[in-house]
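Note that subunit A is present in both complexes that follow, paired respectively with subunit B and with subunit C.
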Partner chain A sequence: MERKKQALLLALPASLALLLFFIFPMIYILIRTLAENGTADFTAFFTDPFYLDILWTTLRVSLISTAVSLLLGYPTAYYMARTPSRLKQAMVIVILFPFLVSAVVRSYGWMVILGTNGLLNQFLMGLGLISEPLKILNTETAVIIGMIHLLIPYMILSLVGVLQSIDPNVEYAAYSLGASPMTTFTRVIFPLSTPGIISGCVLVFTMSMTSYVTPKLLGGSKFRMMATMVVQEINVSFDWGAAAAISYILLAVILAVQVVVVLTTGKYMKRMGGGKNA
Partner chain B sequence: MRDGHVNWLCRLVAVLVMLFLVAPLVVIVLASFTPTALVTFPPQGFSLKWYANIFTSSTHFMDGLVKSLEIGILATLLDVLLGVTAALSICRYDFRGKNALLNYFTSPMYVPSVAFAFVLLQLYSQLGGVPGMLRIFIGHFIIILPYVVRNTVSVLHVFNWTLEDAATSLGANPVQVFFKITIPLAKPGILAGALLAFLYSFDEVALSSLLSTPRFITLPIRIMNYMELTFDPTLAAISTLLMVASLVLIILMERLVGLDMFMK
Partner chain C sequence: MATLELQHLTKKFGDFTAVDDMNLSVAEGEMIALLGGSGCGKTTTLRMIAGFTEPFSGTILVDGKDVRSIPPYRRNVGIFFQNYALFPHMTVFENVAFGLKLQKLPKAEIRERVENMLSLVKLVGLDRRYPRELSGGQQQRVALARAMVTRPTILLLDEPLSNLDAKLRVEMQVEIKRIQKELGITTIIVTHDHEEAVSLADRVIVMNAGRVQQIGTPQEIFDRPVSPFVADFMGFSTFLHGVAGPEENGLLPVKCGSHTLHVRTDGGADIAPGDACVLTIRSENIALAKEPGDNVVSGQVRTSTYKGHTTRLEVTGCFDETVYPALSEYTEHKEGETVQLYFPPERICVYKDEKKMEDQ
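What follows is the complex of A and B.
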């Protein structure tokens, strides 16, 4: 009993802080929004094509970013998992380093590259491949490029851990039994790596769903995703009801993803990153 | 070694991904030294004027830096206290609902920071008179708490608690046990968590941009505001300095706890 009391005592400060400054405000503002306008703000969201389009854009950008991150991240992670440790360490640093550099800084780098007078256009025009500068910055493509750059390290790190734990002898066994590299991949490596694939995809998907910096800086003023829309409703339209609706719908989507993952895999995602700076 | 079995396609993709990751960062460093306002490649000369501009520009970057450091350090310190006690309560004792409690402590991770920012903004507008620093501080210390809890838990999870009993049986009092045994052994997790938490706060944009007041603006928001008005290599210069700071931190962490801590 004495120990239980100690445990409770240790848990108390953080629990109270979360309750007071996090759980209570989140619930209180939801109740207040509902008490003031009923469900009007929420129904407005789901009936207005303007908002549905934003939700669709957010989903589309997130799905594409997740798919490309997986497609490029998987071979990279596999290479890292099967490569001598010196090279691997260098790769880990290359992957972790941009991870420590803020989204604002990274988006700035892409602005310099992708802008109308940017390095990519200078390069392509210098080669004579194009005569008019390509418009990439302030489009969805730029947002997706920036998003993949931001999030692919999370995908790779999720995959490396799992791929490393697959004994290479399992692969050799498949080969020695006559399996082609393709069969070995689809029947052996891929199934064994699904936990890493799921956690990587959930992580990248939720982070891009909630991202704010990348769409704001690389998408331009006309490009809207859920998170940038919340800020726009508050600062430009002064429509707090709409901001509330978008905020809680976004939260609901993230929680729904988590519930689906728990139901299908029986595990909580260790890393969720619903709020990570993206 | 086993390199032979990794086919050339994997290697090619890995190399391209590495280049893709590094490219914008290299561009930023090169851009910071160009003498022209438009970044060209190859650069037409060499200049440090953008670095000087950081300190002389009417956008007070240094003021932003000080405010970001204040918030980041204070929020991290508070969260180390809250997070380490929380992690101890979960790992040290066996009770039902342990996992639920861990999920509770890490729950801010599941919430989009922009949604939390909106909620705080509405709360503050009802309370009225919440000063600028406190507005952002509350948001930050909540949103970064999970990093400290989770990283500390990951170390305490494999902690050999009999070491505490051994120290006690050798005559150490509970305070000595805590500071001489428990804390030193949990240090890698606490440090890694604190670093991630600090960096999160330092780079945070969504909360800070909604909750900042004209008198209290953090560095990332100052940079974004500057970007909207002027797009010159001053941004590259300040970005380069921030990257150098990150590099120093990552080397420091490599020395202190090893980078494996961050791959969990």
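What follows is the complex of A and C.
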């Protein structure tokens, strides 16, 4: 009991800061919107195809970014988890390196690469593979590319932790019982790594759902996601009510997705318990 | 059912040689114990046989066929891991059934074989538990069941009984041996416990630093270790250094300190008069003597430890080295008391003192 109280005390400063600077403003925004316009801003969102399209674009970009990050990140994470510690440390540093550069700078980097006269087009045209420059910059594709680049480290690090905790002998045991590497992966490694897959996907999905800089800089002026739309409503349309409604709908969608993930995988995760045998 | 042959098997990790030119031939259905301290190469040997790691050089033959190019999942080698390596996301039943399901056997047969195996390892009623809900000993038995249920041609057991309590260990020793003989599985068991090796195996291999020190029947290794190292590993605790004299009537006199012990060699020892040698004898083979005679030396009891079926003494003053007799009759000896000890000539093992040469 005494320890519990101490722990509570330690959590107090951060909790207070969150309450004061995040929870209160959020509640305040909601109350003000509802007081001024009632539910009009919310109904407007769900009846206007323009807004629904933005929500759909946001979901699509986030789901694709999450899926591609998982597919690209998994083999890397597996390799890292089965690599001697010194090389692994070096790889962790390399993966963390992009964090030293802000998302803005990284987006400008992609603009240099993906632009009409960018490095990629010059390279492909120089090789004679294409005659017209590809239009990648200012499209959804550019946003997804930038997003994956930004978020894949989170995916890899989530996966490495879990994959590392899988005893290599468990894999060998599967082989010895006649399981091919493919069967070993589907029946043993993959099921055992689900906690890492889930945490990595939830993390990457949430971050791409709420991303602002990447869609703003790489998507061009006509490309809109939920976060960019919030800013547009405030700065361009001066419609604070709509901005508040979009923020809340975004929050609700993210929470809903997380609840679904927890409910569908919770039983399975519980069964896995500590992950390793005692 | 298969024969297994290792020829000049060598494994290196960088500059370190884990297994050095190992040769071994295992008959069908035979049970071999690999005995050695940690890092002696026994586990590495198992991993090469199972195909988890490539040998540096040498050949592994199963039924006369080289298996080096066969991947581990096609070798049909059952393996028990020291840390069990159970599938944590599967129940006991699913763990044991894993290999059978991959063989695409009918469901009814899988159920029957798993249940039989579980009753064999005394885990009936636990089939729906997850590994983390089991005690260490129970997990160990699940791992054993999983390794044996597929009836592999070769079974590799890495310290299968190390975590069991004494009573269960003896029970499982009997069970493993019974199942192994019943199914006729060629088996290699790795252990660091010489009593386990001796009681389970048809033949015992003692390894040290990647090299085979001795291969022999349990009795040969237990009674006639080929070197002081093997003797030490097999539980010999009294070691004496001395100088050999000329052999007479099959008895080799060795002068240890101020006494001379006679060792029955019957011309079998390659020791010349004047050679430095090492003598060793099992504690149980040293006896109390009532009166002085050949091979009887007196010394002072330093400590006396009651061990249940034996009393273990520490006796000094006989030779330069301490002597450790284990007396079977219950005898009380006070510290400082003088005892007369008899060293039966046919029970003493004698070796040339290689160490003196190695040290230089």
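For this structure, a couple of remarks:
Quick note on the criterion: the second predicted complex is superposed on the first by the 237 of 278 C-alpha atoms of A that agree within 3 Å, B and C clash if a C-alpha of one lies under 4 Å from a C-alpha of the other, contacts with A are read in each partner's own complex, and residues count from 1 in each chain.
Definition applied: a residue touches a chain if its C-beta (ideal position, glycine included) is under 8 Å from a C-beta of that chain, and two chains touch if they have at least 3 such contacts.
The model shown is predicted, which means the values in this text are computed figures rather than measured ones.
Contact with subunit B, but none with subunit C, is seen for A:234 once the two complexes are overlaid on the shared chain.
For subunit A, the partner that touches more of its residues is B, with subunit B and subunit C as the two candidates.
Contact with subunit B, but none with subunit C, is seen for A:153 once the two complexes are overlaid on the shared chain.
Once the two complexes are laid over each other on the shared chain, residue contacts for A:105 go to subunit B alone; subunit C is not touched. Once the two complexes are laid over each other on the shared chain, residue contacts for A:225 go to neither subunit B nor subunit C. In the superposition on chain A, contact of A:163 is made with neither subunit B nor subunit C. Look at A:61: by the touch rule set out above, it reaches neither subunit B nor subunit C. After overlaying the two complexes on the shared chain, residue contacts for A:17 are found with subunit B alone; subunit C is out of touch. In the superposition on chain A, contact is made by A:176 with subunit C only, not with subunit B.
On subunit A, the surface patch touched by subunit B in one complex and by subunit C in the other comprises residues 181, 271-277.
Those residues of subunit C that touch subunit A in the shared complex are 47, 50-52, 71-79, 81, 83-89, 98-99, 102-103, 130-132, 136, 139, 146-147, 150, 152.
Only residues 3-4, 6-11, 13-15, 17-18, 21-23, 25-26, 28-29, 32, 72-73, 75-76, 78-80, 82-84, 89, 91-98, 100-106, 108-113, 117-119, 122-123, 149, 152-153, 156-157, 160-161, 168, 171, 181, 209-210, 212-213, 216-217, 226-227, 230-231, 234-235, 240, 243-244, 247-248, 250-251, 254-255, 258, 268, 270-277 of subunit A touch subunit B when the two sit together in their complex.
On the subunit A side of its complex with subunit C, the touching residues are 167, 169-170, 172-181, 183-184, 187-188, 191-192, 271-278. Within the complex formed with subunit A, the residues of subunit B that make contact are 1-3, 5-7, 9-11, 13-14, 16-18, 20-25, 27-28, 31, 38-41, 81-83, 85-86, 88-90, 92-93, 95, 99, 101, 103-123, 138, 141-143, 145, 149-150, 199-200, 202-206, 209-210, 220, 223-224, 227, 231, 235-236, 239, 242-243, 246-247, 249-250, 259, 262-264.
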